[in-house]
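All chains are identified by letter, namely A, B, C and D, in their written order; residue positions are counted from 1 within each chain.
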Amino acid sequence: MKRFNCDYQEAAHPRILVRLARTNMDQMPGYGEDEVCDAARARIRALCAAPEADVQFLVGGTQANFTLLAAALRSYQGVLAAQTAHIAVHETGAVEATGHKVLTLPPEDGKITAAQVDAACAAHYADEAHEHMVMPKAVYISQATELGTIYSRAELEAMRAVCDRWQLYLYVDGARLGYAMAAEGCDVDLPALARLADAFYIGGTKQGALFGEAMVIRNDALKRDFRYVIKQKGGMLAKGWLLGMQFDELLRDDLYFELSRHAVRLAMKLRAALTEMGVPFLLDSPTNQQFPILPDVVLAELGREFSYSYQCRVDESHSAVRLCTSWATTEEDLDALIEELWRLLVQ
Amino acid sequence: MKRFNCDYQEAAHPRILVRLARTNMDQMPGYGEDEVCDAARARIRALCAAPEADVQFLVGGTQANFTLLAAALRSYQGVLAAQTAHIAVHETGAVEATGHKVLTLPPEDGKITAAQVDAACAAHYADEAHEHMVMPKAVYISQATELGTIYSRAELEAMRAVCDRWQLYLYVDGARLGYAMAAEGCDVDLPALARLADAFYIGGTKQGALFGEAMVIRNDALKRDFRYVIKQKGGMLAKGWLLGMQFDELLRDDLYFELSRHAVRLAMKLRAALTEMGVPFLLDSPTNQQFPILPDVVLAELGREFSYSYQCRVDESHSAVRLCTSWATTEEDLDALIEELWRLLVQ
Amino acid sequence: MKRFNCDYQEAAHPRILVRLARTNMDQMPGYGEDEVCDAARARIRALCAAPEADVQFLVGGTQANFTLLAAALRSYQGVLAAQTAHIAVHETGAVEATGHKVLTLPPEDGKITAAQVDAACAAHYADEAHEHMVMPKAVYISQATELGTIYSRAELEAMRAVCDRWQLYLYVDGARLGYAMAAEGCDVDLPALARLADAFYIGGTKQGALFGEAMVIRNDALKRDFRYVIKQKGGMLAKGWLLGMQFDELLRDDLYFELSRHAVRLAMKLRAALTEMGVPFLLDSPTNQQFPILPDVVLAELGREFSYSYQCRVDESHSAVRLCTSWATTEEDLDALIEELWRLLVQ
Amino acid sequence: MKRFNCDYQEAAHPRILVRLARTNMDQMPGYGEDEVCDAARARIRALCAAPEADVQFLVGGTQANFTLLAAALRSYQGVLAAQTAHIAVHETGAVEATGHKVLTLPPEDGKITAAQVDAACAAHYADEAHEHMVMPKAVYISQATELGTIYSRAELEAMRAVCDRWQLYLYVDGARLGYAMAAEGCDVDLPALARLADAFYIGGTKQGALFGEAMVIRNDALKRDFRYVIKQKGGMLAKGWLLGMQFDELLRDDLYFELSRHAVRLAMKLRAALTEMGVPFLLDSPTNQQFPILPDVVLAELGREFSYSYQCRVDESHSAVRLCTSWATTEEDLDALIEELWRLLVQ
């Protein structure tokens, strides 16, 4: 079985294992207060052109999301997000479990717009009964989105302006941030993101690390006592240096970006091949997640050797599925997938 | 100003004040563990034909809703409800503040169907990633709904069957239960509701009491330790007998039903008059809340003497508003409203 | 049975019922945004010499406590309180249910000291692992305390100074505030309290109202959006004017203070009588709650006609109990109690 | 600097790194639903002689504790624990953040007794106002305790009996379970623990793993839907097999027990040496944490080359500190520590 159903199916880039093996028995202080974490922090601040940013390392994405939002919101405040947002559908209500409502907006291709956020806030404050409704106080978006699409710099500038108008925090889930930045036409780099978002995380789990996400906080109000919240929410790894070390390694020598480009190049190769075969897509994704619409009979056959992730039914005999590449996907495996699709669809 | 914007603008039916005055200095034990509450409980059990039901008194509707749901749900479970449900839009995220997601379904005229609930549950358990999603464990409906519509007995039977299939609690918000039962064609009486719902409350605040709601619990799993939850959530009134006394009085000599019929009769008179004037309605409500669509210029004029509740914009020059009657509305005031509408719309 | 076990066993002072009856059918806007509430607010601000204070009405004490603390604390912050504090022992973990730890300190006669708070904060910040511990951010005290004792102005000044040093909110539970102010030697009046506390409530439930507590907020940070929190936590009474009206009435013509003095006078009469009989007390209370230590055999006998509240075992054959007077206690009933005690203890 | 301040200062036992390197690019399904995790589960069930136990892997101890307790408790229920319990003092109120009170009992040498738990429950249910108090529903103990002491089998049998009497869950925090089992005289092995506790975890972080704890659940009520709770609380690692692999490796060929014995042997050597030097201890610990009482001047000097963890002041010139050994401590480093102590104390 060759797995294309998600992008976290191998352990870590070999350089991380080498680094780990080299330093395995070094004695380190706990909880991310060590020089390796500090080195990774410095590297991230430099890459983000954000010398005053606070950088904290968390174990996983769900944890990163609800921890940041719990730190940001007062009890009666909620977070605006797409109906397809990871926090809205695939975190078992983790945000609600910290007491906060996810206020969903209907997305287009996984994205929400500044205009939607503006309208939601305007409607809230215009309502006489607004004290009876959850106050919007943050916006959650993901880059790339859960559907592989990306926000442009202009879109983020507009979102920032709306957030400023209504005093909202702008938080960006960067589980696949590298894959977004590697997409053709993506004009949002780390400095741009650091300038526009109040907080965001640089994903490690799906991008070459064993595990771990690097939260970058620009807004001082969110920095304050954030480590207390991490500890309380279960995200403070005793051996914090394990997280710092991975980011220090990934962000050295362009490795993170190189791995991201690799995955996206393969995804584009897959997209081109499928397009050539006449396969339509649920939507146009420039990143490592592709959502082709395939005949159910083909899917049944394909699934014998290649794993995919079921997305949704499209019509009586067709479904959309997700196929992911990652830093670990080999050209060989991708070619095998394309060949098999060719065999099933064209021949 | 004559107020038709909501149905809780006068204090209480005079009989309640008389009863209060008569017993004012009687010494009573606290927290609803007194003979007056017990008498009210017995009366409610008898009216519901539910001798084993647990009856507890709470101060208000929002409190009743989140207290019951907090008692019913484990941390990862949520409640299915209409997008227009009171718990979804007008309780400042009270349910989420107890940690639980409100899983919304698109309603028709404020109502959701057994088929929708069935489909939502089927989709949940069919999804491979269901552990990553909030588990549906309860259904919240309101009778009458926030839009004045009512569920038929057949609809509730169907909902009950679906709840049994998926092991869901069926909880009914009865803030306006009397007005629902007084509606023409309503075939859901108290025994039917007590048979079909796991828990529901009989509304007092909008139905002639100073304040208070009577929670009726049929399901043993919800009865257990429910008073601990009431206390923890701030709903255990020190002078609990004040609540019991009001229900004991309202439910004596048919008063509760009589007051409900009065309000609905006036609402139907208003509906007939508006219909005669050619006014369309947002939807067809058989209860005390009416949602006519009126020209904005008429609304501006009308608002000088009569209060209404703004509902939504319908087109460039028309809006839907809510006009409520209640146990306290006088025929005189309603006639004045009709006359004014006639003057503004027809003459 | 004559009841002395608590101070909320009668409904309300007759003037409140008269006022209620007089205005019963007046139409009022909901949720405490009405002129009666505003009049009560103005009266409270004037009595507190705090023209800029925010005043909000809540239904009960537990609700008032956790609502205020939920508004004050971020997720990782807790509240310092006596081990005997109502929030620590008799609210079914209501504060914890909003996510916050009650950090208890060993009290003397129900009171904690500025020095204790200072030491707790110093210890917290001196600990290298302070991020692993709940940060103290508020102090909860009650005036009078759960044991009937009172804080002096000097004690509150010292507490204020410590709160300023460590940036803590000082919150005072005033369920029995009138009885405290009526105590001999009490030098903390409303203006003093309003000057020294960030927030406190003036108790109604135990002080002549049907129900209700008036929260007075001095600190701007606590005022912000407080009504959202009230609504979310279930404390926003639909017919809010019922609360405002009661405080408007109680605080007119010195009634609140007069009723408080009455209760304390009777309590002092009881204390003197018991002392004369040679009865020791658990502690010295100058307010309406008295804690005599009586032989168990006497208590068994006494309980036939007079209710008391069991406090704790003192030795093999003696227990401390609580006897309360209130605004509603009659001289007659108190004399009967004294006479019965005399009969049981002396004769 | 040689570090003895805690037992999680090196990464992992080399065998874990070897295993990781060997399988690094194997494609695995996510979230702990893979054959490596299943193999580890089988191994654990066998070692525990508990074929029907549910085994789930979590990232860290704080997370394991609050996740299990959140799954176990209803909103008004709390957990009994020692005042020195990790959940009571060093998890930033993580349990309270899930809404539950930690009901503390005064420990002796870090341990609480069955009699204390029995008395607490008896007092709760005997109190007329028990609905106003948090209901005890679970007992949390740690083996070894935070102070290095251990529970005997007889003590756990007694605790189990009390838990059965009051329908409490018995939950054991096994962060240092291996070190406990390696202690001289410890008669609680894995089968005994699995028989007596409703749930416990086998610690990995402090016992040779990079990170991770293995939760073993015996009680069916706690098994149900536990994975939903893990996901919601942020503890479901995407690459779950990383956790399973570590436990599979540690628990193979007696490695876990061997490493534990190593640490305890060194700790006993340290204890003997200190005793020989006439150093008193805060308490008698048979496990890898030792708490000697040393002159402050010696501590200042010692700290130049050897790290320790400050515990508490004992008198004006002496403090207790914690010195830990672990699976990674070398005999060489320990001898250096003893030598330095000898130099400072004796020479």
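Criterion: a contact is a pair of C-beta atoms (placed from the backbone, for glycine too) under 8 Å apart; a residue touches a chain by one contact, two chains touch by 3 or more.
This structure is a prediction, so every number in the text was calculated from the model and none was measured.
Residue contact pairs shared with A-C exceed half only for one pair among A-B, B-D or C-D, and that pair is B-D. Each chain's centre was taken as the mean of its CA atoms, and the one lying most distant from chain D is B. In whole angstrom, the spacing between the mean C-alpha positions of chain C and chain D is 42.
Inter-chain spacing, taken between the CA centroids of chain B and chain D, is 50 Å. Mean C-alpha position of chain A lies 34 Å from that of chain D.
The set of chain D residues touching two or more other chains comprises 75-76, 91-93, 97-99, 131-132, 228, 231-232, 236.
By the touch criterion given at the top, residues 75-76, 78, 89-93, 96-102, 128-129, 131-134, 310 of chain C touch chain D in their complex. Looking at the complex, you find that chain B touches chain D at residues 31, 70-71, 74-76, 98-99, 131-132, 135, 225, 227-229, 231-232, 236.
Of all residues in chain C, those touching chain B in their complex are 1-3, 6, 8-12, 14, 17, 20-21, 23-30, 59-63, 66-67, 91-94, 97-98, 205-206, 210-211, 228, 231-239, 242, 328.
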